[in-house]
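Labels A, B, C and D are assigned to the chains in the order they are written; within every chain, residues are numbered from 1.
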Amino acid sequence: MEMAEQKTAIVADAPHPVAQTLRMLWRDKFALAAAVFLLIVLLSALFGPALLEGVATKTNLRGRNAPPFDFSQPWYLWLGGDALGRPLLARIIVAAQNTMAVAVGAVLCSLAIGTTLGMIAGYTSRMASQVIMRLADVIMSFPSLLLAVIVLYMLPPSVFNLIIVLAITRIPVYLRTSRAEVLEVRERMFVQAAKVMGASSGRIIFRHLLPVILPTLVTIATLDFALVVLVESALSFLGIGIQPPEITWGLMVSQGRAYLTTAWWLSFWPGLAIILTTLSLNLLANWLRTALDPVQRWRLEIAVKKNG
Amino acid sequence: MKKFLWKRAVASAISLICLIILVFFLSRLTGDPTDLFLPETATQEARDNYRRVHGLDQPLVSQFFRYVTDLVQLNFGESVRRAEPAIDPVLRGFAWTLQLATVTMALVTLAAITLGSLAAFHVGGFFDRVATFFSLMGASAPDFWIAIIAIVVFSVGLGWLPTSGTGSVWHWIMPVAVLFIRPFGLILQVVRGSMITALNSAYVKTARAKGVENRPIIFVHALRNALLPVITVIGDQTAAILNGAVIVETIFGFPGVGKLMIDSILQRDFNVILAAIMVTAFAIFILNIMIDLLYAVLDPRIRY
Amino acid sequence: MAYKLGRIAAAFMVSAVAGHAMAQEVTVVLAEELDNVDPCEASRSNIGRVILQNVSETLTELVPGTGVEPRLATSWEETEKGTWRFHLREGVKFSDGTAFDAEDVAHSIARMTNPDLICEIGNKYFGGIELKTNVVDENTIDITPDPVQPIMPLLASTITIAPSEAPMDAYVDVPIGTGPYVWDEYVRGQRIKLSANPDYWGEAPSVTGATYLFRSDASVRAAMVKTGEADIAPNIALQDATTDMDFSYPNSETVYMRLDHSIPPLDDVRVRQALNYAVDKEAFLGTILADGTIIAKGITPPSTIGYNDEVEPYPFDLEKAKALLAEAKADGVPVDTKITVVGRIGNFSAVQETMEALLSMWQDAGFNIELQMQEVGDWVEHLVRPFAEDRGPEIVQAMHDNANGDPVFSMFFKYDCEGAQSATCDEKLDTMIEEATALSGDERAAKWSETFAYTHEIAADVMLWHMVGFSRVNPRLDFEPTIKTNSELQLGQIKFN
Amino acid sequence: MADHLIEVRNLSVDFHTAQGTVHAVRNVSWHLDKGETLAILGESGSGKSVSASAIMNLIDMPPGEITSGKVLFDGRDLLEMSSSERRKINGSRIAMIFQDPLSHLNPVYTVGWQIAEIMTAHGMPAEKARTRTLELMKRVKIPDAENKIDSYPHQFSGGQRQRLMIAMALALKPDILIADEPTTALDVTVQAQVLSLLEELQEETGMGMLLITHDLGVVAEAADRVVVMNSGEIVETGTANEVYHTPKHPYTKKLISAVPGTGKMTDPLATGIEPILQINGLTKHFGGFVAVDDASLTVLPGETVAIVGESGSGKSTLAKTLLRLEDASSGSALYLGRDLVTMPSDELFALRRDIQMVFQDPTQSLNPRMSVFQIISEAFEIHPDILPKPQWKNRVRELLELVGLEASHMHRHPHQFSGGQRQRIAIARALAMEPKLIICDEAVSALDVSIQAQVIDLLVKLQEELDVSYLFIAHDLPLVRDFAHRVVVMQGGKIVEQGPVAQIFDDPQEDYTKGLMAAGLSPDPEIQADRRRARAELLETTI
């Protein structure tokens, strides 16, 4: 309590928040590496297909399953070639777009829908709350893979439809979390203060409640992001995910797994891309959780560890 | 207490009914099982016949009505694919899945709580970093990938473990290990986060002022308080396994309900899908009620 | 430490699979569980591999390279036009102790064609055919198919015989048959056990018992034979077939791309030929597909009668394809219309890569073409009539299995205007099929040969390959898979080394 | 030297943060003798608790670091000992109790178990510990101890919880008891009971007691000697009497002068003015529980009416009902003739401008995610008729200057301000609506004394300038004495007494009001000693 007071006195002269965030990121080397890796993935997703589409789809049956680390080849063949002789590195870069689109799309959709429903359930009438919570129960007890199969059966397995499926399955997480948070936050005094000022329910929900619960939800979203990439890959494994010639990392892993014993690199590299991305996200989420927690924050703030 | 259970039962029943309606109509939207069941060469006559025998020629609403009428008498209908009542393979599969979920989650809970608590106590230290890194790493890998590599390494390469199937305790090791990884990573993180908060709490300060040793501070004072968010996640993860450890079941030839569900939907064996969903949903509702009761056991402030 | 663990584990495993070395038993690992065990469903490969000729036997048997041989029928003849008389083997008993007689045959035929039971064999081989039976005496039966079936003895090789106690309107839980093995137990989801039938009418087999296990992942099946957990994995993937335990065999499956002749531009023969010329079928062999795969020119494999040796497959000729396309375009054929290729997910192990490679070849030739891989349930709606009204030009990837030696099992429903899977409607072709079906002997073979030449000429479809399958077999067994291995696995033919 | 029970010598403790090192305490030295009570007096942020934390080994390192100093106990330096040695001392030789016993007791274990644990942790067999626990609970006057031993902390009242903490701390008869703000969150009457319990127990055991507090009244009541701390340094030491009557350091002087309840009382306003608010028979039920029971009072324009009562008296519920945060069960509250209780929501919306509220805890009543500008200008967003958008910035600037804050800080967020500054922001927010009546719900209770005085000065100034009325809710009588026109005393949902401030303070009629007065602590040790004596006599006569 007292320490908190002392710190606030100092925070008055704190550096710019962005600079401080970067400084805290610099302190945690794991998180820094994660952030850098994610930046690379992001750039691949944005520009990869435009730059490498042609290279990545060029089949070369005579050069199939070309082994990796043959540096006499062009750079995009350094990680080897797939079962149709297409360069793996180029394909991984190109596939980043779909993979990210599915993951970002699904997470954002479920975040938006789940949070909205959760806040409505938490802030408005008991009736609405009951209906929404039952809906969450139904989705939760509906096996997510099954939902995926059903929806992808009815709709063609496009990136967009995959996003819908994955988003639906993740909604309850945000719904329940935001509802629980809202139930707590709505009792806080600043919400009452807003009510006293005559603020409408909409204003209270979006101006007062949402910004407060958002950090928690963003942390969950980061973890979910990793989960969605893995689920997408599992769907591909079961043959109901994205279909070629579209590519995602998950699809690449599942296509390559048949060759695990003979040409390990086919599924290893995309698998590694998934692992590194999800790992980075998890590390970053961890870091974020610490950075957002005033009690833990000092761990990222202290310059040098001195022990007596 | 009684009122709480009653309310939960009613809420669950409502959810279950919604679920049945949803699955009944959604699954039928995927199409007709006739073409899948009959050989490609079958005549139109044979197809009509098949639809008649399985009641697929009726309007959807009357099919639903018939299904519900049977269901009230606990008749889940026949499997169109298998020569047996739809509930039979479901119960068989569910028994396996339940065992798998129980064993896995028991191990996960034990390991994640112990290691997560220790990581929280040494937060920022070497152990914490290593535990966090490896748990995240494990949780980040696609499970079918791990499963196949495990078979290649431990069965084919080293010959330590049987590749797949059931039978001895050795057959359980790889499926459980593969299923273990993701919930372990997740729960370890939740335990760690929750324990960090608990270890920073005022009552832990009191305990330190009382001269209590570190071990009881971690595992007695902080842990019980930190467990509430943890058991929620444990519940969710258990539910996820109950809902079908499809990948593990597929690769390790484990006769669980998850693979059955996927196969049934691919074969459009609607009655089996419905029976499977009802059984797992029922189990999950029971699980959720148990979790709620566990809250009250762990935290005397919670009373229903 | 690790070594010790390994040894303990090994010890356990030996005890777990101890059956092996002791008795003459084998373990077979299959891809899918048996959802039904009724002998009348034995034409499904997952059921047939366990039951066919092991538990349930047929009247006749098609032996690869030899032809139709006796099994439960010792001889047969066409007594009058269209009526076939089968003389049944005497002294044969079902595993439930009842004797095998003509009534059982009549019952089995009635049962498998019963519209209320819906049996695969009845629907697959006898759709649209009415079978009249007449029990002459205990060991003689007359079968009269309508319409007339010149190949009735061959068709008889598909009919599994169940005792007359088998219910008419319900599947059986335990198959009872006359075969060399008896159905011991079926622990659903886990295993099936068969053991040798002590009262078998024929020669006692070397294998005294068999356990069937089910693993849907091909690499796991291969691994199981390698680790000794199984003896035979009848169906493994090409990429796993890397050891000398692995055998390849023509599996009677033919992969082809069905063209929809009713929608432009596929109604134009030049466009269809261009599609054929654009595919470098050779390039797949030894790469995506196994060595030993045969380039196809007709829908049935070389072991079928009427296989036309004179027809040459369309060679890979990109220029020719482009030229044909240009020519068609000049005549106003809308060759730029987007064509959809519908592939079936998981149809064979490299289907994904194959389709992607095909697509890129066709794109090279200048086709506007896209690929959709679909689950079987959706795919079958593109393959089987009635087709969607609003469809565009479609090419459906399909794999056809004809191990029965006669093209009749293929041609009508693939190419006749009325055929369930036919997207072709050509009067001349219809007549040829009709004529061939009614003939027998060499005339029949010649007519089929002519028909194949014609389908090739009009480029009815893009024929690709006759495939090979791979089995992994434990070296302690003397067993080589054949073209029949896809649909049956006769334990009686397995010997020990 | 070794004759002191414990001695802290030249202790300096730093905390490391991203903004650099914070010197929590610098060169602090003090000592405590047997049977003596030493008070460390300081406001928040003064570092008054740090030396106690160092003694108990409760400083997390990192981020904390002890840069110099010794803590001598039994002739040994505690800071040199291993943690297991220190664990043996903690609880058995030196024990500690804390402010806010609810959060310092483990919510999921029974109090009996928690008290017994301090004994079992130091080697006592479980059964014996339980017997002793029961004794201790009886000793600290927990009613029905036999049954309550297996109850959980949340099942006790605040005062009982602090007694339980005391029982726990004294279980092993420690040589030293450190009490960190032991009565801060408690009602005045309970505070008095807890302090006298501590005094009694000290007499019994002869332990030394270190009392950490911000409250001069507590010092006057309990301390022999006092150490005054400010910004991590000791500014003054001496006996309680010396420090109060002859403070040397300017900080001490300022602190003493800020203590409320010593100034001139305000005269009541002239009667005959139309009241701005007239409450008649207002009642609020929660199920069967009556939170506010038939309350009637009036507020005149420009008047400050204080509502005083202990926790559970219904004073906050009354305020919430007036603001329609809760719906009244019956009765009326006429605001300029219109009934707030039954008013339809559109009318109520317009009226929100006239009646505003300032909440107890400014940390919680300001949205942490909004800047000061956003917080204040939200009033204009909600009520667009107040001000056109281009003028918002100027008005916010004006308001900030009015409440004594720098206008240039308007883009900062609440956490960048101190507690007192935050409450000023909250007041500015209320003023943005240009209200006629401001309800202050314990608006200064969470603040340090010196800050309290400043905020109250501000409120008085604003009333003079803007002629607003205040309904001032407080639990602390001396606080309202200096500036309320009239005082309303509530107990158990009922108004027990109301009248002009002078009447209530100089001539209370009701026993409850008298009791409340008597329980209040005077900052003057001499007055407090008299009161203690009087209390003791009262106790003897009643027995």
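We adopt the following convention: contacts are C-beta pairs under 8 Å (C-beta built on N, C-alpha and C of every residue); 3 or more make two chains touch, one makes a residue touch a chain.
No experiment lies behind these values; they were computed from the predicted model shown.
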Comparing B-D against A-B, which pair counts more contacting C-beta pairs? A-B
Between chain C and chain D, tell me the centre distance in angstrom, where each centre is the average of that chain's C-alpha atoms. 86
I'd like to verify one number: the distance from the centre of chain A to the centre of chain B, where each centre is the average of its C-alpha atoms, in whole angstrom. 22
Chain B and chain D: spacing of chain centres that average the CA atoms, whole Å: 50
So, what's the distance in Å between the C-alpha centres of chain C and chain A? 45
So chain D residues touching two or more other chains come to none
Which positions in chain B are in touch with at least two other chains? 30-31, 148, 152, 156, 250, 266
Would you pick out the residues of chain A that each touch at least 2 other chains? 153, 257, 260-261, 299
Here the pairs of chains that touch are A-B, A-C, A-D, B-C, B-D
List of chain D residues in touch with chain A within their complex: 15-20, 22, 24, 44-50, 61-63, 65-66, 99, 323, 325, 348-349, 352-353, 355-357, 359-361, 364-370, 378-379, 381-383, 412, 415-419, 426, 429, 433
Please output the residues of chain B touching chain A within their complex, sorted ascending. 11-12, 14-16, 18-19, 22-23, 26-27, 29-31, 123-124, 129, 132-133, 136-137, 139-145, 148-149, 152, 156, 182, 185-186, 189, 193, 196-197, 200, 236, 239, 243-244, 246-247, 250, 258, 261-262, 265-266, 273, 277, 280-281, 284-285
Sort out for me which residues of chain C touch chain A in the complex. 218-219, 237, 239-240, 242, 280, 283-284, 287-288, 345-346, 349-350, 352-353, 355-357, 359-360, 371-375, 377-378
Quick check: in the complex, which residue numbers of chain B touch chain D? 201-203, 205-213, 216, 221, 224-225, 298-301
Would you pull the chain A residues touching chain D in the complex into a rising list? 1-3, 5-14, 20, 23-24, 188-190, 192-200, 203, 207-208, 211-212, 298-308
